[in-house]
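For reference, the structures are reproduced in the following blocks.
The following pair of complexes shares a single chain, chain A, combined with chain B in the former and chain C in the latter.
Right after this comes the complex of A and B.
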């Protein structure tokens, strides 16, 4: 699921009360796990709310609305953020640059791909590809490892991610699994190597 | 200046003010994907 599909969705209680609208999706930088959502008030002139919706309080994430049991599940925004953040700092990743760990610039993030189930997790980025990817500047999907590297304004991905870039969302799940399996293989062979030489 | 000159001036100011209010409001309400522990500025969208 694309992150933008969730933004601006109304937050509705099971009693049918329309209490807010999704503003930002907040996730833990390294684990990639979605912590919750910041909210806007309803109506054109309503600004951002001081409360946020933790992921654990989401009753259902439907096509047209995010369902919650009641307004009482909303928490202070700072509480939701501090529960997942180590440093307390945060930044919007849309528009950030993506670099491989070998120093190749891959492009700029235009969308974040989420896997939604019992928990929601950031599993990939959609990027405006650079020349290095050889995709004529098209938008492509790039898978992410289990643990993300977040540093400054650039987001780092393993160089092997380039081999698993796809053009559409339908085959992206398989690309993520294959990419993560490759990383585990590499880690396994790297941990065996010192033993062989000793 | 003729009276209609002042009228046009006042209408222009009103249109610019309303446009500015809408622009600020749209900016405040725009969403993002916030990565915690990232140092990039942008905060949590307050």
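Right after this comes the complex of A and C.
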């Protein structure tokens, strides 16, 4: 799911009342786990709210709404935002350059891709691809490893990520799994290599 | 029976055999998935609600009641369920997972018990027992 698709989505109680809408995503940790959402009011009450929605209180995140059991699950905005990380995969990455660890520039991040299940976390980026990818400068999706290095300057991905680039979201889930499996395989064989020192 | 068929149906007094009102709306309690009251029009006076429990029968051709004495002014929970913000018909259906299933075009209920048996959208027929919330924004249903 593209992060932008979640913005403005209504927050609806199981009783069928819309109590807020999503303003922004609060990320935590290096892997870019979704810690929660800041909120705007609805309709006449538009504008930022003092309350926020912690991820633990999300009952369901669907195509059309974010469901919660009731209004009482909202927390103070400051409490939720305190858990956020400025760095990490979900931080302020839009516009950052993606570099492979072999030193090739792959493109610029235009969108954050989330996987949503029991937890929600950043699993990839949509990038305006560089020539190196041979995609004629089109937007493509690039999978992320479980952990990665991010700075304000660039974001470093393993060179193998290039092999798992996809053009659209269908099939991207499988690409992430295959990419991460490959990385684990490599780690495994590296640790078994004879004569290697830490 | 569907709401669309039942809407506008005559409400007849069993004591005088005269039409004393017409059905104008339905209050559905999402916690029990039951029609708990009918909103009435063309009544003689302010009392424009009849509780399901006060009906003699919801018949094929008419709703029967003992007489106009059973009509009440809706209050409390019933008034909330009867207000226009809580009408089920025309409202979007959301699953508890946050997916939109379309707007409710009609409902089917058991005329004997008042149980809502189906919510009908353009593309789906949703079992009434999945109903969990009826709010001003949406009707919420559990996963099938």
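Keep this in mind: the second predicted complex is superposed on the first by the 180 of 198 C-alpha atoms of A that agree within 3 Å, B and C clash if a C-alpha of one lies under 4 Å from a C-alpha of the other, contacts with A are read in each partner's own complex, and residues count from 1 in each chain.
As a convention for this text, a contact is a pair of C-beta atoms (placed from the backbone, for glycine too) under 8 Å apart; a residue touches a chain by one contact, two chains touch by 3 or more.
Fair warning: this is a prediction, and the values are worked out from it, not measured in the lab.
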item	value
Which of chain B and chain C A:188 touches, first, second, both or neither	neither
More chain A residues in contact [chain B versus chain C]	B
First, second, both or neither for A:137, with chain B first and chain C second	neither
Partner chain(s) touched by A:171 [first = chain B, second = chain C, both, neither]	neither
First, second, both or neither for A:27, with chain B first and chain C second	first
Partner chain(s) touched by A:61 [first = chain B, second = chain C, both, neither]	second
Touch list for chain C against partner chain A, complex	30, 91, 94-100, 132-140
List of chain B residues in touch with chain A within their complex	25, 28-29, 31-46
Chain C-facing residues of chain A, complex	9-10, 12-18, 59-67
For the chain A and chain B complex, residues of the former touching the latter	3-4, 7-8, 22-30, 35, 38, 40, 44-45, 47-48, 77, 81, 84-94, 96, 112, 122, 150-153, 155
